[in-house]
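Here the structure comes first, spelled out in structure tokens, and everything after it is commentary.
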Amino acid sequence: MARFIFRSVISTIVTMFLVSLALFLLVEVGSGDITVKILGVFATPEQRASYRAQLGLDQPWYIRYLDWLVGNDWRVRSRIGHPLVAVPNPQTKELEWWAQVDGQLVRWEMREGHLFALVRQPDGSVLEQPADDQWQQTPEGKEIFWGVNTKNSAVKWVRGEGEEVYVLTSAGMRKEGDGPQQYIPLRKGLLRGDPGTSLQTGRPVSVTLFPRVRNTAILAGMAFVVVMPLALILGIIAGINEGRLVDRAISVSSLALTATPEFVTGVFLILIFGIWLKIVPAVSVFLSDRAIFENPQLLILPILTLTAVELGYIVRMTRASMVEVMNAPYIRTAILKGLPYWQVVLRHAVRNALMAPITVIMLHVNWLVGGIVVVEAVFGFPGLGSYIFDSAIFGDFNAIEAAAMLLVSIAVFTRLVGDLLYTFLNPRIRYS
Amino acid sequence: MTTAPQTIGSRARPNPLAKLWGSLSLVFESRIGTIGFFMVAFWFALALISIVWTPYDPNASLFGQNLPPNAENWLGTDHLGRDLLSRLMQGTQVILVKTRLPNGWVIPIGVALWGVLGSLTLGTLLGLNAGYRGGWTDQIIMQIQDALIAFPRIVLYLVVIAAMGQGDLVVILAITLTGAPGVARLARSLALDIKTRDYIRAAETRGESPWYIMFVEILPNARGPLIVDAMLRVGYAIFAIGTLGFLGIGLPPPDPDWGNMVNEARRFIYTNPLAVLWPSLAIATLVIGLNLFADGLREETTRYQK
Amino acid sequence: MPQSPVLAIEDLAITYRIRGGEIDAVTDVSFQIQRGESFGVVGESGCGKSTVAWSVVGFLGANGYVKRGSIQFLGQELVGRRPDELRKLRGNQIAMVYQDPMQALNPSVRLGQQLKEVLTVHQKVSDQEAEERCLAMLKRVHMPDPADVMGRYPHQISGGQQQRVVIAMALLNNPALLIMDEPTTALDVTVEAAVLDLIDELRQEFNTAIMYISHNLGVVARVCNRVGVMYAGEMVEVAPVEAIFQDPRHPYTQGLIRCVPRLGADKASSVLYPIPGRVPPPDQRPTGCLFHPRCDYAQARCQEERPFLRLFAEDHRVRCHFAEEIDMASWQPPEEVQAAIQAHAGAPNGAQGSPSSPGEEIILEVEGLRKYYVAQGNSLRDVLGLAPKRFVRAVDGVGFQVPRRTTLGIVGESGCGKSTLVKTLIGLEGATDGRAEFLGFDLTVDLSKRPERLIQELQMVFQNPDSTMNPSYTVGQQIARPLIRFQTVPREQVQDEVIRLLEAVRLDASYLDRLPRQLSGGEKQRVGIARALASRPDLVLCDEPVSALDVSVQAAVLNLLLAIQKEHGTTMLFIAHDLSVVRFFSDHVAVMYLGQVMEFGPADAIYAPPYHPYTEALLSAVPIPDPGARQRRIRLEGSVPSALDPPSGCRFHTRCPRRHLLPDNGAICAAEVPPWRDVGDGHRIFCHLSLETLRSLEPVIQR
């Protein structure tokens, strides 16, 4: 048993690593020029290049992968010479990167060839100090400075060689002088809970992600609570009545349910319950992230849709397993002992029959995720699914990666739980 | 040791056509298999007919908008006044009978089938190696496969399409990648089972190479379950194509896409619910048909295996 | 006044509905079982034995039903009873034990609970009382440490113990009728002997009626007092066990008895006579007497008129028109059989020469061969690789020599390492240590490192006819493959060579295009032999080639192997668990126990004293198809120790029944590795006991 669990855990970790690598490569290396999406098609090549440098996209992929996974403050720290910390801004509550110099939080800025240090005060305001004395000589005789800028990047300024950079503002690209020569956007890395900044909104991904995850968790969780007992019971009923009318009815309807795509089910549920019967609102308008708490009715149709899709699959799995178990010799033994039928089913069949589907059901969480994306698209539900869909359409890779890794970890984790549950249910593994 | 009928008697060596007919007639032994076969055959026939003839140009707005079924438009028209029957028929083509290459060429066999063929090839290759060779090969292949399975399909679709843009080949690639791990898992378990048989020992003790054993000795005996599984996978693929179409990132125009038809028509569901119904029915019946066909095939093949 | 029988079956016919028709599995069966009687039902597979058993407990599945006849249990009619009435009888008054105990027990429920519910469902007993009664019953079936077993799961105890649990379960309610369907078929011979002893003991003690189904005549001879022989869905002969074995009157019964080798018979002095043909499947049964196509005595009347089961003598019924005329003693084999058998029997050219006789070329020489597997531990320390590596010593220092044109038989129970030994020799596994040489080639490396020539000279015949052939290819294709691969013959002659090989295994060209599923078990095994012969090997390893076959087919395949050996001068290694078969077939025998050879010598020498105590125990356990034979009863305690941590000194010392013959109850056995005692004539015994002591042992079997 120790071996089994150990292997599962190791395999899970390796899986997560492989997935993160594949995802990163696919999304960042495989996707086209993100600046087209952000800057539009009319931006000049210089503007694009400058913007890409600001995003840190001029780095090789493996560096970016490491930055994304484990962060880069520890790497950049040696260049700046001070510890780097991310602290929340007292006003906006968003994290800001600061260097810790002699117990003070400092950032820098270069204006008109001069370097200024911005020292944060306890109240959140900033005190500006000239900092030209901090330039450092290089062997080639240049004066350079590595510091943290106001855009949360570690940057390299070179005295007298201020780059022309294009800064994205709400009004479009603005050209500025005195720009740094190199950017390293600071991040803590996914493993330390920082998925980076959304390219679409410019805000940290984690801020937007949280309510979305919460909404989806409620939706999926409720669907799961409805589906599981129902599906298992229906599957068992069908399984013990193999070939009879009940079995046929359950099998055929579950087949029909699995064969109908989520979007079709969703649309027809709207038609039936919203338009013809008028039981629930036909048009779900989720005005805010908290809409589902204010108006729980909105959840009914999405949950029903998810249920319909998931139900059929699990029923079929359970039924097949039950049929197999009911034909096993030990069930024959139980019947020949003279046990009443219901005792044979409950004591001898059900436990063995549930063993096989449980791992498969846990694997099936991946399907559930697919269903959620569609259901959220159909109902305009503000959850993780629609978030990932929007991000993918935009090409917001930080957002996709964060959301996808979250989904993958859920999938992998549930599979681990399924494996452990299986171990627990199956004495042959438990006592080996 | 209860009775099992055995058919004994010599038969002449079957030719491939007779063999095909043999396996097909096996399906007709089962009632649900027969139903499934005809459901699938119906859509194939429609796809083939639509190549040479559709009632009207599927992309031309020739009629009134959102018409109910009538003598001219048997299934009615959509919000742009296009004939729904023609669109439905044309939509079958890309799924089942043709694939459009980026250079404008068209090759036979539809996107769903190519995708499944791809995952079948890739999955079988990986699964047989993992199952037969075992050891490190198995560990590595299984690990990769675990990673692929952990990837939520829809995310994979989204990411692949976001990365490579829309297109028939991209959809085929996405289907191949998402299907391969499942096929590999099945092929591996079959190989694990079959490799314990004595005829594999016999081949090994004649010094056959691992490739010979995998593809000549094991594969033909794993064929049945793999084909049944592939049938189901074609169903999933059609399902996925529909979903992608609905989300607006599926097969590109000009050919109508069933999923996309549902998406467009649902905005007019108050006035014309039938426009949503037809493509929905099309997807559902095709998938159900494939499921039933696979069930029938499985039932009959296992019955004769005993 | 005669008691009413426990079970009385009259004219029973059972039918299964299948798609497009019905299958008459059982057409005409009648017999009675009295209280305290043990009734054996024998016959080959496909004769409907089990179906009769299932019908008694009313468990014919969804598609089976009793078409005709009656089943009376203690005077009550069972046919047509309501399911819940039957349910009350099952497990209570009628109990059943069947073949595979591992399958029969629920893997995820503790044994204690599985036992207790037999009591609680039929009687009002408290849990406490049920527990006590189960414990008592487990003790009664000689289960070691019963309290512990109650808390265990099925996979945690051995096969023999599982079968004891199943038997205990069946006896808990003291049933009037106990049905046993091949209860010992899956067990090793020494375990089987212990279980059979138990069954016999319980029958006498509980006075239960037993219906005992088996294909093994030896087992039936041991435990039954009356026997019914079934053929193709009919009862063909019912008689007391002595009459069945000494004066059988149905040609099928006679054939069955003729085709199994007697323990002690060898190929030089005796012949096996297979029954021609095979049991017809239910839809192809002939008219008239069902047995007539295979019968040596068949006459015109047999083809037309169906015989009835008629009274031949007191308590002896036969279904044969000519029962009075056919006498087993005066039977003459038909000419063609005679001729075929003459070809190998009584071989004049010293094939049975002793191994040490000079001039014999030693073709295979094995010395100190070892095959260890690394054991997978399951504790965390093992997983992390911190614990020291442990080895399963599957084969641990085996040595022997095989002269050309002879057969070496290897016997031993499961886990003794005989299969691993063969796998190592054939090259499926590389050896861990030791020497093995064949025609100058090194056999310790695995197949990937062996030269083509060696691979060609060393071939194998497998156990299971159902998996020996690839179901996807025709017979012709499968035999042709080695011919093409080794280029035994030029391409254009392959077809002719395949036909020649088919003829060598007594098949013909009409088999070329058949697929394996169109062949019977015996035919598949023949094709397997033909395939092994295709590369013209010098040494053929036979891994239990006949153990999965019905007895009548078994004889034919054994005869075939003998003929081939004679014709081609092939050397063979023959593995089997059946001592009679090994004795019959081999020139030399090696007895293995826990990875080591315990005794080696000429076949006849092994079966008479002096012998190793383990050999003695094996011989004592063999079921002999002769109710008159007397066997001394020597039973082994416990089960085979783990090969992970084999006993010190002599591996057999933990279970040896002869240990007490040595001073200090055999202290030396645990302390020191025994010496090889040389009896002479190549006969060696691996034992601390002196030869004099071993010689003085009484023979196990007396006739």
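Every chain is named by a letter (A, B and C) in the order it is written, and numbering of its residues begins at 1.
In this section, contacts are C-beta pairs under 8 Å (C-beta built on N, C-alpha and C of every residue); 3 or more make two chains touch, one makes a residue touch a chain.
Since the model is a prediction, treat every value here as computed from it, not as a measurement.
Among the pairs A-B and A-C, the greater number of C-beta contacts is found at A-B. Each chain's centre was taken as the mean of its CA atoms, and the one lying most distant from chain C is A.
Look at where the CA atoms of chain B average out and do the same for chain C: the two points lie 48 Å apart.
Centres computed as Cα averages put chain A at a distance of 30 Å from chain B. Centroid to centroid, with C-alpha atoms defining each point, chain A and chain C lie 60 Å apart.
Remark: chain C residues 16, 18-19, 23, 25, 45-46, 48-51, 54, 61, 64, 281-284, 426-428, 447, 450, 452, 455, 458-460, 462-464, 467-474, 478, 481-482, 485-486, 510-511, 513-514, 517-518, 520, 528, 531-532, 535 touch chain B in the complex.
Per the touch definition, chain C reaches chain A in the complex via residues 57, 59, 62, 87-92, 95-96, 98, 100, 103-109, 117-118, 121-122, 153, 155-156, 166, 169, 376-380, 382-384.
Only residues 143-144, 146-147, 149-155, 158-164, 235, 239, 242-243, 246-247, 249, 259, 262-263, 266, 269-270, 273, 276, 280, 283-284, 287-288, 291-292 of chain B touch chain A when the two sit together in their complex.
Within the complex formed with chain C, the residues of chain B that make contact are 1-3, 5-13, 29, 196-199, 201-202, 204-208, 217, 220-221, 223, 304. Of all the residues in chain A, the ones that touch chain B in their complex are 11, 14-16, 18-19, 22-23, 26-27, 30-32, 255-256, 258-264, 267-268, 270-271, 275, 363, 366-367, 369-370, 373-374, 377, 388-389, 392-393, 395, 400, 404, 407-408, 411-412, 415.
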